[in-house]
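Chain naming follows the written order as A, B and C, and within any one chain the residues start at number 1.
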Amino acid sequence: MKKSVGYVFAAGMAAVIGSAAPALAQTQPAKSPTLEKTLKAGALSCGVNPGLAGFGMPDDKGVWAGLDVDLCRAVAAAIFNDPNKVKFIPMTAKDRFSALQTGEIDVLARNGTWTMQREAELGLLFPVTNYYDGQGFMVRRKLNITSALELSQASVCVQQGTTTELNLADFFRANNMKYEVIAFATSNEAVKAYDSGRCDAYTTDASGLYAERVKLTNAAEHVVLPEIISKEPLGPAVRQGDDVWFNIVKWAHFAMVNAEELGVTRANVDEQLKSTKPEVRRLLGVENKYGEFLGIPNDWAYRIVKHVGNYGESFDRNLGAGSRLRIERGVNRLWTKGGIMYAAPVR
Amino acid sequence: MSVIGDSGRPPPPSRRKVDVKALSIQFGLSLLLVWLAWEAVGNVAENMRARNIPTSFNFLGATAGFDINQSLISYSATSTYGRAFFVGLLNTLAVAAIGIVFATIIGFIVGIARLSQNWLAAKLATIYVEVIRNTPLLLQLFFWYTAVLAPLPGPRQTLSLPGLSWRMPEVGALMAAAVAGSFGFLLFAFVRRQLRRTNLSIPAYAAAAVCTVAALLFATLGPKVVGLGVSSGFFDLYTGAYVFLNNRGLFVPAPVLGDVGFRLLIVIGASLLGAMAFAYWAKAAREERGLIFPVGWISTAIVVLPALVVLWLGSRSLALDYPQLRGFNFNGGVRIYPEAFALVLGLSLYTASFIAEIVRAGILSVSKGQTEAASALGLRRTATLKLVVIPQAMRVVIPPLTNQYLNLTKNSSLAVFIGFPELVQVFVGTVLNQTGAMIQIISITMAVYLVISLATSIAMNMFNKRMALAER
Amino acid sequence: MSDAIRTSTPIFVRESMTADRAPPVSNAGPAAWIRDNLFPTPLSSVITLLALLFLAWALPPLVRWLFIDAIWSAPNGDLCRAPGAGACWAYVWQKLGFFMYGSYPREEVWRVNLVLLSGAALVVWMLWPDARGRGGAALAFFTVYPVLAFGILTGSAPFPTRWLPTSGTGQLLWAFLYVVLIAGAGTLFYTGRLTALAMAMIGFVAWAEIGAWWPTLGLSHVGTNLWGGIFVSLLVATVGIVFSLPIGIVLALGRRSQMPIVRFLSVLLIEFVRGVPLITVLVMANTMLPLFVPQDWSPDRLLRPLIGVALFSAVYMAEVVRGGLQAIPKGQYEGAMAVGLSWWQMMQLIVLPQALVTVIPGIVNSFIALFKDTTLVAIVGIFDFLKAVETARLDPVWAGPSISTSGYVFAAFFYFVFCFGMSRYSLMMERRHAAGRKR
């Protein structure tokens, strides 16, 4: 009763003071049930890979790190001003989507491939692509192979229940080659079997190949073949039906990419607050109040860069030169530098 | 119920009251369950709608799109999910059947060894049983899979086992030897039997030696006499390597039977019928006329010998499909995959440790008086075992043995951890992930295991009943 | 004839003692033992020789690998990777914390230790044959302990907080409930009837009070997603046993009940679950359990396999208990009825105490099976001990040829010590029980 009276009253007021409507809208952020739930719980529920170096993996002390982990930390930083207010829930490939659907997690940042079936049939949305990937093969150096097309008759280890398994079958069928697949429930077991010599090749997303390679007994003995047999846009996923939450996750990523483009880094973000560039001022919330429309503070992007860094820093720390994986940035370079990583502007 | 206690009346008069109470309890319970089921079904329907989970079984007809490495029926990525299900089911059944055979053999040997008067054998058997029984099966599977794979070289540095293969004419010669040896043995047995009646005896070893020599002679000369034109002798083993062992599996030549295979099938079928007829006749002869035949030996001979003769006669058109290294892997021949090997090894060894204990308990359950009474009646050691000890031990052994067989079948689902494509790995693993039809797939899988359990229980119960009757 | 004997002179009369004969070669001493136990028959001798050959082939490399060539301490995997190196115990030592607790925050592991040690103490007390107050220990282990353990491990209140009062009316209602429960319990105690119910009522009040008071302890929340290692293996096994025993007893009584519907339902459940592999039960619990309940109730990821394991071991427990019930002579039932006991009293006072003592070995054996089966929870992503070993193996700092096997051998040793110990206990109880019967 009380509430509806309040709404009627508010509506009446709005109608009477027509000119004040924009101001009223500004003070009334959009409703997001997921955001409210997260604020109430005091932490973001984020589904991550149980152990994929560079994307999501706990260290010896149980501290999570990775590109996907950083995205969740960015969302948490935007909401709570604390990148550690994230509950990381390791997800197997098997039940990651149902966990998101049931609301057990609110963001799934688990190097998931953005596919039509997942959006159309499973009721998910992929706000952005935070890593452009494709499926590749890793083989032993001493086999002297230079192309995946030479893999006829090979044994290939693969993880079960992923698009990888299907792409593999498609690739060999399309090229009319025979092969033998050995499918394992987890990538750990598949990598172990490959390492022991059971398989000639191991296949997964190219980034995953680099990540798994460092786990092998002698990483230098293995090479990643140049062929990419599929396109795998990897990105976070959210449930359908909460557009504001969808936007929060999307813009958390865009903020990191825009920050890199504008040269805002973790180190200089405090100085950049005094910048005169209008793009920087808008991004860091010095000018305009875009954050409030999403129900998060205006300095959301400042917090993200301050706590997590820009996209380039995150990439470098987890996957690139600053990590053990040393993956080339490749197509994931900014659009200004010949890549396809592109973010909508903050304005 | 306390009414009975208070009134001190005997139960019969209050039986009606008891029934009312029992009825109401059962009615309440049923009501509760129906309500729970109703709620659950409602929730499931709502949840499945909310999560876009498919509810029909149509997916079984859709194209699978993934490959399976070992299959007893033809299968490719263009086959349907339904076919993938059968591939998994057949692999499960095959692994279970092979595992049961090995587990039984190992289990009986170890169980008897534990009771052996040989201290070392008994101790080794005990250590085996205790170590295997007290560690998780999954750990053992991991261990075997690692232990089997790790020391083996890659296919290009393959181990080859020379001297284990013969060219076909030699196989023919071997078969001839087997045929001749068997005939010789039967002849010898018959002569010996006749001689025993006349109180003459010939040393068994000498007779066996004569038979063997005769068989070898026949085998080496036989083909020449028949005119098969064999150029090499029996001992001329082929030195080339046709058996390969590497981390892709064990490769052995596969016989290509051709039209001999068809003839073989017919002959084996016919001789099976013949053996059955003989067993039936022998039983009647024993019961009516008191004639005793070595039924087991003769039946085996009836089945095996004609088949050997057919093989021998057709040995020229027989061929072997040899495994060869092509590209990365060996092709051709029969291949035993490392996953299958590790799985069967792990399951057999694990279940055998339980069977050993069952066998030991069974033998111990037959009291010593039985053995002593049997020898007092003049039964020989083998007869005592066969007619007195084993039938009584089997009564104790069979029910828990059934359970172990079922356990082995159910435990074969652990293959999912080491990448062997059995039912759970293929169906609950890949198919469930690709289609998302969780309710249908889990129900089908559980139903399959239930049917297997039920069928095994029924079969073993029938066997058990026969054993129990034999005792009285 | 007799004359002849009397008159004839004896042909031979021994006039001195014969010399002592040499003692028999065998019968005592190591040589005899070897002959009797290793070489009694030709076949046996062959077996002995084969066994000795086997030992000579297998033992020396094994000992070398396990002890002599093993690397006992090293900062990283370099030493273990060297050719000729044996087991890498340094790695096991380094990863011990991870094997033990998974990712449980290191500064909070005292909570795990507290729960494990107190649990171990309770179990030992409960199972120690001659200890006093075993019943009390058992009661504590099955009621108080799980509640407190939950609170300590998670840091959250061990009571459904949504039941607790938030408003004034709610508090009034709760106060009323308290009065009713306590007064009811007091009455029951006073009359001396249904004391179990009375204790349950008091227990509920205590439980709610602990739940309300728990947050003042200030324990930080540790989500189950961080739990792992040996601790989770023990947890799954303990939860399995704590819940499977009562459910198993109920099912066993149901299976032997006179009521057809109750019996049918019990048989159906027991045979259904016994007929399928644990893996499918776990997968079902993991994927289908969330479907059976309303959306906002979705059970915790660790809770789902726990429910599956509890159900699975309950039906096996039911069969064990049924064996115990069948072993009770009919006279006991008839005697109880003759004294005028009700069905519940008969079960509670006469049948179950005897039946449960009889089947203690069976219960321990199914606990061993359960403990080994906990390794399967890895299939639904739970980080048990074996899974921790599987994961730690991939650490590039240590990765090497002997790492996997070292981890497996350590895991095998751990499981063996546990299971073998329990099986010895079960054997001991069996002997004691058999001895008691004989008297």
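FYI, a contact is a pair of C-beta atoms (placed from the backbone, for glycine too) under 8 Å apart; a residue touches a chain by one contact, two chains touch by 3 or more.
Everything quoted here is computed from the prediction, not taken from an experiment.
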Chain-level touch network, classified as line, ring, star, complete or other: complete
Busiest interface, counted in C-beta pairs: B-C
Subunit B and subunit C: spacing of chain centres that average the CA atoms, whole Å: 32
Whole-Å gap separating subunit A and subunit C, where each centre is the average of the chain's CA atoms: 43
Chain centre separation (subunit A, subunit B; CA means) in Å: 50
Shared interface positions of subunit A, touching two or more other chains: 94, 98, 102, 185, 189
Per-residue overlap in subunit B, given as positions that touch at least 2 other chains: 50, 146, 150, 416-417, 432
Residues of subunit C whose C-beta touches two or more other chains: 287, 290, 295, 379, 390, 401, 404
Residue numbers on subunit A that touch subunit B, as the complex places them: 93-94, 98, 101-102, 121-123, 143, 151-155, 160-162, 165-166, 168-170, 172-173, 179-185, 189-190, 193, 196-198, 200
Complex interface listing, subunit C residues touching subunit B: 36-38, 40, 44, 47-48, 51-52, 54, 258-262, 265, 272, 274-280, 283-284, 287-288, 290-295, 337, 340-345, 368, 372-376, 378-379, 386, 390, 401, 404-405, 408, 411-412, 415-416, 418-420, 423
Residues of subunit A touching subunit C in the complex: 50-51, 58, 60-62, 87-92, 94-95, 98-99, 102-104, 185, 188-189, 191-192, 214-217, 219, 324
List of subunit B residues in touch with subunit C within their complex: 1-2, 4-5, 8, 11, 22, 25-26, 29-30, 33, 40, 43-44, 46-48, 50, 53, 116-121, 124, 130-131, 133-139, 142-143, 146-147, 150, 406, 410-411, 413-414, 416-417, 424, 428, 432, 438-439, 442, 445-446, 449-450, 453-454
In the complex, subunit B residues that touch subunit A: 50-52, 65-69, 77-78, 146, 149-150, 152-154, 247-248, 326-329, 331, 338-339, 416-419, 421, 425, 429-430, 432-434, 436
